[in-house]
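Below is the structure I would like to discuss, written out as C-alpha cells.
Lettered A, B, C and D in written order, each chain numbered from 1.
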Amino acid sequence: MLSQQIVNGIMIGSVYALTAMGATLIYGILRILDIANAGAYAVGAYAGWYMYSVTENILLAFVFAMLFTGIIGVLVQKFIYFPIISKPNVIAIVPLITSVGLFTLTGDMLRLIFGPNVKNMNMTFKINAVEIGNVRISAEWIFIVLLTATLFFVLWFILNKTKLGLAWRATAADTEIAKTMGVNVHISMALSYVLGYGFAAAAGTMVGVLYNSIYPTMGDIPSYKMLAIIVLGGLGNPLGTVVAGIVIGLSETLVSAYFGSIMPRDVIAFVVLIIVLLVKPSGLVTRKNT
Amino acid sequence: MKNKRYGIFTLLLVLALVFSLTACASEQPAEEPPAEEPQAEEPQAEEPPAEEEPKEPIRIGFFAPLTGPAAADGLSTSNSAELAVEIINESGGIDGRPVELVSYDDGLDTKQAVSIAQRLTTRDDVVAVVSGSYSGPTRVAAPIFQDAGIPMISGYAIHPDVTDSGDFIFSQSFPGQVQGKAGGVVAVDMLDAKRISIIAVDIDFGKTLAAAFKDYVVPKGAEIVSEDYFGMGDSEFAPIVTKLKDEIKPDLIYMANYYGHGAEIVRQLKSQGFDVQVLGTEGIDSYQFFEIAGEDAEGVMITTNMNRDSEDQATQEYIKTYTEKFGIVPDMVGASVYDAFQVLFKAIGEVGTDPELIRDTIKDLKGFKTVTGELIEYAPTREAIKPVQIQIIEDGAYHYYEEIDDLEIITPEPR
Amino acid sequence: MYLTVVSVNIGIFILLALSLNIITGYAGQPALGHAAFFGIGAYTSAILTTSYGMNFWLSIPFAFIMAGIMGGFLGLISIRMRDDFLAITSIGINFVVVAIFQYSDFFGGSLGISLKRPYFFGMKVTATGYLILIGLMILGTVLLILKMKRSWFGLALSSIRNDETAAASFGIDVNRYKVLAFTLGTAIAGMTGAVYAHHMTFIYSSDFAFIVSISILSMVVIGGIGTIRGPIFGAILLGAAPELFRFFADYRMIVYGGLLVFMMRFQSQGFLGYDSVLVRAFKKLFPGGLKKKEGEIIG
Amino acid sequence: MGELLRVEGLSKHFGGLKAINGLDLTLEEGETLGIIGPNGAGKTTLFNVICGVLKPTAGKVVLDGEEIQGLPSYKIAHRGVARTFQISKPLKDISIVDNVVASLGIHEYTGIRSLLRNSHKRETVDKALEILERTGLLEFKDKLAREVSLGYLRRLEIARALATNPRLIMLDEPCAGLSNFAINEVIDLVMQLKSEGKSIVLIEHNLPISMKVSDRITVLNYGQKIAEGIPEDIRNNPQVIEAYLGEDDDIA
C-alpha cells in the first residue's frame, strides 16, 4: 500500500504545484500574495469546460483556458495591480485586499453566469490504467501527470532558455538593478501574469477533469492552500514551489492513509508550513541572491 | 489644547456612530407596535369566515444559502419554495388569500441568519417560516422564532438543537439518528454486511449519521473496520480508497456525506478497481451526484425520504413540474422544503394565521401525504416521523429498493 | 429589534476591527488570522459557562486573558518571521485553531456549542442589553486606543511600524512591544468573542474561519488603517453591507468584491484614512477642525 | 578622561566574506575618532556590530569597562550609545517633531506600563523643539518625515541621536549626498558637539571633512586596520594613499 500511497501523494502534489505556480510567478516579480490567482483557477476551469463542451478537444480546451485567462491576467496586472503598487507609500496589505476583492468578484460572477450547480467535463480516455507491480495509475492521472510535466518543461524553457525568461529572472532578482540594466520590467510583469494566470487556468481545468466537476467556489480551497505552498517553497521560487507542492501532497496523503482523521486535510499544509518555518524561517528552498 | 480637542472630536464621532445606531434601533419600537398589532389581531379579525374584505396576502418567511459554498442547495430549496407558493396561488391561495414568499439569502453565515430571523419576526409580518438552510444558520435562527412565537419548519437541517429550541420549531426531515439507524438496517439486516468502513464528512450531518449507524450495526455483530472523516471542501479521496482496497477490504462502505464527496469516492473506487457495495445517505440524493459520477454511480444505495418510483400522484407531479420549470431534477433538500410548505399550507388552511393555532395543528398532524412519503406524525421532539426510503441507482436514476416503515426504527428517541 | 441585532453585529465587527488595527495599523504587523483569537475568546467563554457553570460576566475576563495569551504566542512567532512569512503563518494559525475547534469533542466538535442567554441581575440579557454592553466595550476600547496613541507605548508601536532597526537604536525593545501589541489586540478580540458567543447562543468552528479574518482586515483597510475613525467606519460599512444590499441580494457579493478592488485602486488609504479624499474635503470645509496634532499616528 | 570604548580582536564574517577581521580600536572619553576607508572596508558593519544590530563572529566590544558585544541594540542604546544610519531610517509616517520625541523617550519604553505615560508632555515637546532648532529642522516640525528631502533627513538622524542624550555618538557618513552649504552646517554641528565634550565616532568617506573634525583617524581596508594616527600622519601614509587611489579620488 505504501508505494501506491506515495504515488498518490506525488500525483496530487504535482497538481498542487501547478496550482501554486501561478501565484509563485506573480510573487516573484510583484511581491504580491495574489489570492485572486484562485479566481483565475476557477475562471480557467470554466473556460476550459466551455471549449471542451463545444469542441470535445481537450488540448484545445487547455490552450483556450490558458490564453483566455492569461489575457485577463495581463489586463488585471496593467489596470489594477500595477497602478496600485506603483503608488508611493502603499502598505503591503493593499494588494492583498485587492486580490481578495477580485477573488470574491470572480467567484460570484461565475455563479451568476453559470449557476451554482456543478458542471462536468465527462471526458473519456482512450488509454487504460497502467499497473506496475502493485501500483495502479488511472488514465486520468497518466494524462494529468504528462500534461503537468509538459507545462513545467515549457516554463523551465521560457525562464531559462529565452531572452524573455532572462529578463524575468533579472527582474525577480532585483527590479531596480534590472531596470538599470535595460530590462523592460513591464514586460516581465506582463509575463508574470500571462504565465501566472495561464498556469492557474491550466490547473483549474486539470482539476475539473480530475474530479469531473467545475463549480463557482472551486477556488476557495486553492486560494489559501497555494499560499502555504508558495511560502513553503521559499516565496517566488518556481523550483521550490514544485518541491513544496509535492511535500504537501505527500504529507496529506500519508497522514490521511496512516493517521486517519487526526486533522482536516486543509490544515496539514499549514501545519507543515508552521513547523518548517519555525525551524527554518526562510522556507524549504531558499532563494538565491536575495 | 489641540490634543484635547482632537480627542474629544474623535470621541464624539464614535459616540455619534454608536448612538446613531442605537437611535435607529430605538426608533424601532415606535414602528413595532403597528407592525405587530395587525399581525396579532389580524387572525382574530379575519378568522370569522365570510367577511369579504380585500384579501391581504399571507406572508411566509424563507431563508437559504443562495450565495457562498452551499449555493447549489440554496438554489434547489428556493426553487422549491417558489414552486410551492406558485402552485398554491394558482389554485386560489389559502382561504382565498394569496401567499407571499419573503425570501432571504443567509450566505451560510450565522450572523446573517440572526439578522434575517429578527427581520422576519419584527418587520416582515410573517405568520410562519421555512428554513432551507444548513444546521448552523437554522440553529441560531430557531430561538428567535421561538421567542417571537412564530412557527418555523426546518427543511433538512439535522442538528438536534434546532428543534430543542422550543415548541414552535419543527423539522421536516428525519433526524440524523433515525437515518443513521435506517442505514444500519440496510447494511446488516438487508445486505448482511459484516465488515463495514465508514467515510463521513466532518460536520454535524456526517458525524451524527455515522454515530447512529455504528450504534445500530455493532450490537448486531457487524464490525466497523475503519472510520475516516474529512472536511467539507475535500475532493481527494485516493488515500482513503487505497487504504480500504489494499488493507481494510471491507464488504460495505457507509458514506455519510454530500454529493460532491460521494461522487468522488465512487469514481475513485472504480478507478482503483475496487468493487464494493456502497451505501450512501440523503446527502448524495441529488442529480448532481450522477452528473459527476456517471456510470460509476451504478449500484450505489441510499437512505432518503423521496421515493422516485412512488405511485403517489403528488410526488410525480412535483418531480415533473419542478423539472419543467427549472430545467433540473429536484433533489432531497428541495423536496423536503417543498413538503415543509405543504405542511404550513395545510395548517394555515385549517386554522388560519394565528401562530399558536398553526403550531398546535402541525403538532397534531397525522397521516399527511407529502412528496417525500407519508408524514406519519411529528415526534415529541417535533421531528417528522416518516418512512425511510431505500433507493438504488440503476440506469442513471434512483429507483425503489425498499422502504423502512418500522416505527421502532423511524421514531426518534426522546432526548 | 432587527436594527438592534444588526447593530450588535456591527458593534462586534467594530471591536474586532479596532483590535486588529492595534496590531496591523499601529504596530504594522500583518495579521491575517484575527478571527482565530475571536474564536478562542468565544470558545473559552462558551466552555466556561456551559461545562463549568461559570457566570457569563465572569467569563469575559477569562476570554480576554486566554485570547491574549494565545495572541502573545503569535507575537513570539512574529519575532522570528517577517512580513509575508508572518502573514501566511497567521493564516495558518487561523486554520489550525479552527481545526482544533472542529475536531476536538471538548469544543463540541462539528456540532458546535449551544449556549443559554445570560442574566443581568435576574433579567435575561436582550439584544438591547448586548447593544449597550458592546457600546460600552467600544467606548472602553476607543478610550484605551486614544490613551495609547498619546503614550510612549503608542510611539513605540509607530516606531516599530516604520523601522525596527531605527526603533531599537533609540532604546525600544522591539520584540517585547510586538508581543505586547499582539497580546493587547487579540485579547480585545477574545473579549468580543465572549459576547458574540452568548449573543448568538450558538457557535461552531466555521464562525471563526479565515474568511472572517479577511473581512475584519478589509474593514480596517477600507475604513482607513492606523486611525480610530477608519476601522469604525469600515466595520459599519462592511458590517451593514449584507443587510443594506438585501434588495439586490444576488449581486451583493459582486458589489462587495468590486468595492474592495475599487477602493484599493483609487483610495488605498481607505475612506477615512490619512489624506483620503473625504478627510481632505472635511478639512477644507472645517479648516482647523481636524488639525493634525503632535503624537497623532497615522498608517 | 579615560577610555570609553575599546574594540578587541573584533571579527564579523558573512559566510566566506570577512567584513571585519580581528580589529582593535580604542576611543577616549571626549575624543573624536574618524574612520575612513574605501567602500566595502567594513565601516558600517563595524557600527552595526558595536550597536548590536549584528552579532560579532569573534572579539569583544567594551564600553566603559563592560563587555557589550552581542547585547541587543536597544540595550546598547540604553547604555548611552547613539548612532545615525548611512541610509536614513526616518519614521516616515509621523511628523519630524515626533521622530525626535520618540527618541527622547529612550528610557520610557518600559513595556505595558508605558501605555499609561503621556509621551507629549510640554517639557518633552519643548526639548524636541530645542533639538530641532539646533539641527536646523524647526521649520519642518509638523511635516511628515516622508515629506522632507534627503538632506533634512540626514539632520534628522543626528537630531534623533542627540535626543537620546548619549555619551557616545556614532555618525555614519552624515554628509553623504549633501550640498556644500549643508555639509558646512553639519560640520559646524559636529564641532559644537565636540566642544561640549561628547565622544564621537565618525565614518566619513570625504577625507578633508574627516581630517577637519577628527582628533584621530583609523583607516580600514578589507575589515582590517591599515593605519591609525592624527590626521596629518594619515594624510601622508603611503598605505592609505594606495588603498584610496585604488578606487577613489576623494583624497585629492
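Assume contacts are C-beta pairs under 8 Å (C-beta built on N, C-alpha and C of every residue); 3 or more make two chains touch, one makes a residue touch a chain.
Since we're looking at a predicted model, the values are computed, not measured.
Trainee: Tell me, please, which chain's centre (mean of its C-alpha atoms) is farthest from the centre of chain D?
Mentor: Between chain D and the rest, the longest centre separation is with B.
Trainee: Please indicate the chain closest to the centre of the assembly, with centres calculated from CA atoms only.
Mentor: The most central chain here turns out to be C.
Trainee: Which integer distance in Å separates the CA centroid of chain B from that of chain C?
Mentor: Centre-to-centre distance between chain B and chain C: 33 Å.
Trainee: From the C-alpha centre of chain A to that of chain D, how far is it in Å?
Mentor: Centre separation, chain A to chain D: 48 Å.
Trainee: For chain C versus chain D, what separation do you get between their C-alpha means, in angstrom?
Mentor: Roughly 41 Å separates the two chain centres.
Trainee: For chain D, which residues are shared contacts with two or more other chains?
Mentor: 92-93, 120
Trainee: Got the chain C residues that touch at least 2 other chains?
Mentor: 102-103, 150, 250, 253, 294-296, 299
Trainee: Quick check: what residues of chain A touch more than one other chain, meaning two or more?
Mentor: Only 108, 261, 264, 266 qualify.
Trainee: What chain pairs are in touch here?
Mentor: Per the contact definition above, the touching pairs are A-B, A-C, A-D, B-C, C-D.
Trainee: Could you pull out which chain B residues touch chain C in their complex?
Mentor: Touch list, chain B to chain C: 2-3, 6-7, 9-11, 13-15, 17-19, 21-22, 24-25, 27-28, 32, 66-67, 104-105, 107, 109-112, 114-115, 118-119, 121-123, 136, 139-140, 143, 159, 161, 164, 202-204, 206-208.
Trainee: Hey, which residues of chain A end up touching chain D in the complex?
Mentor: Contact set of chain A toward chain D: 89.
Trainee: Write out the stretch or stretches of chain D touching chain A in their complex.
Mentor: 92-93, 146
Trainee: Could you please specify the touching residues of chain C with respect to chain D in the complex?
Mentor: 147-148, 150-156, 158-159, 161-163, 165-174, 176-177, 180, 226, 274, 292, 294-299
Trainee: Provide the residue numbers of chain A that touch chain B in the complex, in ascending order.
Mentor: 1, 4-5, 8-9, 11-12, 108, 111, 115-118, 120, 122, 129, 134, 136, 138, 140, 211-213, 215-217, 220-221, 252-254, 256-257, 260-261, 264-266
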